[in-house]
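Data block below; observations after.
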Amino acid sequence: MNVTLAQAETILAAAKKKAAEINTKMDICVVDSGSNLVAFARMDGAWIGSVDIAIKKARTAAWFMMDTKSLSPLVQPGESLYQIELSNGGLITFPGGVVLKHGDEVIGAIGVSGSTVEDDHVVATAGAQALK
Amino acid sequence: MNVTLAQAETILAAAKKKAAEINTKMDICVVDSGSNLVAFARMDGAWIGSVDIAIKKARTAAWFMMDTKSLSPLVQPGESLYQIELSNGGLITFPGGVVLKHGDEVIGAIGVSGSTVEDDHVVATAGAQALK
Amino acid sequence: MNVTLAQAETILAAAKKKAAEINTKMDICVVDSGSNLVAFARMDGAWIGSVDIAIKKARTAAWFMMDTKSLSPLVQPGESLYQIELSNGGLITFPGGVVLKHGDEVIGAIGVSGSTVEDDHVVATAGAQALK
Amino acid sequence: MNVTLAQAETILAAAKKKAAEINTKMDICVVDSGSNLVAFARMDGAWIGSVDIAIKKARTAAWFMMDTKSLSPLVQPGESLYQIELSNGGLITFPGGVVLKHGDEVIGAIGVSGSTVEDDHVVATAGAQALK
């Protein structure tokens, strides 16, 4: 089961609304459960360098079926997944990637980049909650 | 001057409408004049392999400020741009990438993939015309 | 819906049997509908260079929901999809990639490489038919 | 001397059995002494992002003729192999890659990914021991 384009558009709209509320400009990406792109939007003035980061955050969350935030502590020097980012053509393991669920099943993920990682996570979460 | 997200969303909507009218499922991408992603949508059931092709068509059109269709004859064996596809991390030089213009200025491009190249070009053109 | 590992193993076994019957040594890959690897086997003595080709054939078939054999005429110089191989990190568009279906739905693909493309296609087809 | 496909299949079967015993879902890869793919299996529901990691663990172990676990301390900041992961198109240097030996000779490696690195190493070791 995969997120549909209509659902992805609802998610993007909710994320854009939250981004505007907290006065940020974001790159926002939705992928399906296979980590393939479904929808993307770059808000006017958002960092170009965040295009790839938003996509990689979404893909990382979908590939490992967990928010990227859960990976951050595990990838530090000395920790168990140190340098996992070198896999899969490049992962992003800091906050801003959030899984999309239908009940217990992961049906995709949203990735947000363009501000602090805390803001990115807030906006990604707002997007993910719009699915419910 | 660059296409805005609002304009890109209008372009995507027009392209999706045309794709549905001609009974196709498309991947549709809008990039700005710097060839950076602005908006993307994959219609439900559209080929996953066309995600990358739609993006590359849009980027190719923006990089060279011309529709990809204009490049197709020039890249054939013996012609002047033979093997140009190897540049820039991979170009796509068959139809489906169309420049977006404001007056005479190129402000971005749309790339469409998911059907025959003729259909792809029709849908990309419908998207580009929504800008006017 | 996706091919399961048990199905993929049945497919690999059938492909290996056919490869032995026609006196060839093959690399054989099964991917799911998202083009992600499910199972792979390289027969003893099969070309190492065919590892990547078998994988790319399977991924190409799954990405575009058609046998790679259907793509071969379209990618020739002067034809509509000339140079499409530069997309998606590298496609293989000659015979040997065959879609796996459950009724009308594509649930994955098999890719075979190691002999002539005609042999490759025969072995891939034998694998795909084991699903039924 | 290289692991054969029959041996690799025995190794995969043992690894899958151990993975099921400890209630995990794993991606499992066997490569030969030249680091080339011999066999691969993704258990149903295992992380897609672990496909590449399992392969990279196996290749890393074979390339350097040691378990990836032995590399982990050496790649930390300030240590002698810091950033070695950037070589060879991407190494994985945390546990889960285990060499396959015939007597003293390395004849290949197994890579496992899909759970904690401790679990991954346990499953890889179970696979390697099946060779004996």
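When the chains are written out, they are named A, B, C and D in that same order, and each has its own residue count from 1.
Here, contacts are C-beta pairs under 8 Å (C-beta built on N, C-alpha and C of every residue); 3 or more make two chains touch, one makes a residue touch a chain.
Just so we're clear, the structure is a prediction, and the values are computed from it rather than from any experiment.
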Which of B-C and A-C has more C-beta pairs touching across its chains: B-C
Chain centre separation in whole Å, for chain D relative to chain C (CA means): 25
Centre-of-Cα separation between chain C and chain B, whole angstrom: 29
CA centroid of chain A to CA centroid of chain C, Å: 32
Residues of chain D engaged with two or more neighbouring chains: 48
Contact graph of the chains (line, ring, star, complete, other): other
Pairs of chains, among all present, that meet the touch criterion: A-B, A-C, A-D, B-C, C-D
Interfacial residue positions of chain C with respect to chain D in the complex: 4-5, 8-9, 34, 36-44, 48, 51
Of all residues in chain C, those that touch chain B in their complex: 34-35, 60, 62-65, 77-78, 80-84, 86-89, 91
Contact footprint of chain A on chain D as seen in their complex: 47-50, 52-53, 56, 72, 75-77, 85-86, 90-95, 116-118
List of chain C residues in touch with chain A within their complex: 32-36
